[in-house]
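Going by the order they are written in, the chains are A, B and C; count residues from 1 in each one.
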Amino acid sequence: MYAVSNDQFEGPLDLLLQLIEKEKLEITTVSLSKITSAYLEQIENMQGTSSEMADFLVVAAKLLYLKSKELLPDIKSDEEEEEIEDLEAKLREYSIYKKAAANLESILIDGQRGYSRRAKSESEIIFLPPQDINHQMLFAIFQETLNKLPEQIEERVITDSPEQKITIEDKKKIIYSLTKKKKTIRFKEILAGAKNKTEVIVTFLAILEMIKQKEIGVIQKESFADILIMGLK
Amino acid sequence: MSGIETKNINIKSIVESLLFVAEKPLSLLEIAEAIGIPVSEIQKSLKELEADYKNRGISLINKGEYFALISAPENSKEVSRLLNEELRHDLSQAALETLAIITYKQPLTKAEIEEIRGVNSDQIVRNLMVRGLIAEIGRKESVGKPILYGTTMEFIQYCGLENENALPKMEELNLFEKNDEAS
Amino acid sequence: MSGIETKNINIKSIVESLLFVAEKPLSLLEIAEAIGIPVSEIQKSLKELEADYKNRGISLINKGEYFALISAPENSKEVSRLLNEELRHDLSQAALETLAIITYKQPLTKAEIEEIRGVNSDQIVRNLMVRGLIAEIGRKESVGKPILYGTTMEFIQYCGLENENALPKMEELNLFEKNDEAS
């Protein structure tokens, strides 16, 4: 379970669903786009191992596409469109299982439960050892069993040094001050200092918002060419 | 009373004895083999037993081909008092969610569970296995032959159900309003 | 149906549930206390239950104040065939695994076995006990005083483990000890 302040959720889909429900929206692409900022805000403040964060970021990347399409209606990619549709379908499916889980919980809260018989039949104990076994074989089985033990999740303890959290607001200020210093900056340059995927996403969002507010302009000479950013204010 | 009827009564009585002493759920085949009669003759007795147990303190539950006797779920308050057991359920939201997925999609692999939940589910699957609420029920015929999971008789018993058919269908769930269930 | 009759039906059902789950014969007082009614109200239900069980696979027996359900004696042939069935098979891989864990980690509780195996092990532990390979060898000094299991002397001798040198060296087990602490 993940908890950010008072909110608790089981994973990215659960978080999306909760945000959609909070806004009393239906599960649609439009709703997803509406809750993008709220979603990113939540994961910015989340504590988790990198593999746990990855689950959240995969969804974040899809939402970002929606957000960017809203701000820059010209960009449209079939692949991304498909991914969004896929996310929407997954969310619908997940919401049904959430209902099934709630139903299960209501059954369990009822407290009606069957118990099996505790008395054991008085079967006589007869010494029936496994055939052809010796202690070497037994020890080999023992070691094999231990090897199957899941690795302890030490990652959580070791790598979870308090990461510096950066918000979209922070990032906007940084980009703004950069555009003051230099006339144009390369998008790659801004991203270069990002410590993790979350920061890349936050940076991208900050740029999109600044474009919308006409604080900056962007030029891309051709597809895949570096994006140049310049201050407009 | 004709000879056939007597035989029928006896089979029912034996089936009842077997289910009573068994330490685990019994399959139709196990019952038939212990008595030495065809499976088809067991089914009638099970139906009759089920009827006999209406309004009684013992219930017959099943999961597929497997059958077991348990105490009637409506008496769980007194039974838990006698056994000194906690009646309150202690399953987390993640456990409930995972159980719900397995209930409706079984048999399925861990990867398939994770695909639906959108998060790693190693720990939660392991916990449910230790609790005996789910179990490995086979291997999928695909690359790596991943383990297939399903719910257990223990799960049916824990929910106080007769069998999983007593749960609402997937389509019905879709019509449920979340607030309804919470109340 | 009058209120009193309804209540009577319920009491009979509850008494039956209690007798069904109980580990050992129950006294009238124990039954009455679990339900929260006077002893006098139990007796009628017990009489009725006894009548219900005529020609059934379950019988109600009593010894003085103590009552218990047993399987009908006339079905003992089939019952012992069923109970012996499992003993005729050699140990499963899962049972061997459990036996190995108990051999090298004894004494340990069922919860500890389950922690290592990752699956519910009620059935297997019970089976190993009936086969005389493991036994209850004490109680752990922790919450609930759980049962500690260990291998039987017979099994130790059978495997050639009685010589202490034959037991694995501690260093060989180090990996495991570490895992233990981390969990």
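Everything that follows uses one rule, which is that a residue touches a chain if its C-beta (ideal position, glycine included) is under 8 Å from a C-beta of that chain, and two chains touch if they have at least 3 such contacts.
Model, not experiment: these values are computed from the prediction.
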| item | value |
| --- | --- |
| Between the pairs A-C and A-B, the one where more C-beta pairs touch | A-B |
| Identifier of the chain whose CA centre is least distant from the whole-structure CA centre | B |
| Furthest chain, CA centroid comparison against subunit A | C |
| Whole-Å gap between the CA centroids of subunit B and subunit C | 20 |
| Inter-chain centre distance, subunit A versus subunit C - centres from mean C-alpha coordinates, in Å | 44 |
| Length of the line joining the C-alpha centres of subunit A and subunit B, rounded to whole Å | 34 |
| Shared interface positions of subunit A, touching two or more other chains | 115-118, 120-121, 150 |
| Touching two or more other chains - residues of subunit C | 17, 20-22, 79, 83, 118, 126 |
| Complex contacts: residues of subunit B adjacent to subunit C | 9, 12-24, 26, 30, 33-35, 52, 55-58, 69, 71-72, 74-75, 78-79, 81-83, 126, 129-132, 135-136, 154 |
| Subunit A to subunit B touching residues, read off their complex | 1, 8, 10-14, 21, 51-52, 55, 59, 90, 93-94, 96-118, 120-121, 150 |
| Subunit C-facing residues of subunit A, complex | 115-121, 123, 125-131, 133-135, 138-139, 141-142, 144-146, 148-150, 152, 154 |
| Touching residues on subunit C, where the partner in the complex is subunit A | 17, 20-24, 68, 79, 83-84, 87, 90-91, 95-97, 99-101, 103-104, 116-118, 126, 129-133, 152, 154-155, 158-161, 166-168, 175-176, 179, 182-183 |
| Touching residues (chain side subunit B, partner subunit A) in the complex | 20-21, 23, 59, 61, 68-74, 76-77, 79-80, 83, 87-89, 91-94, 96-97, 99-101, 103-104, 116-120, 122, 126, 156-161, 167-168, 170, 173-174, 176, 178, 181-182 |
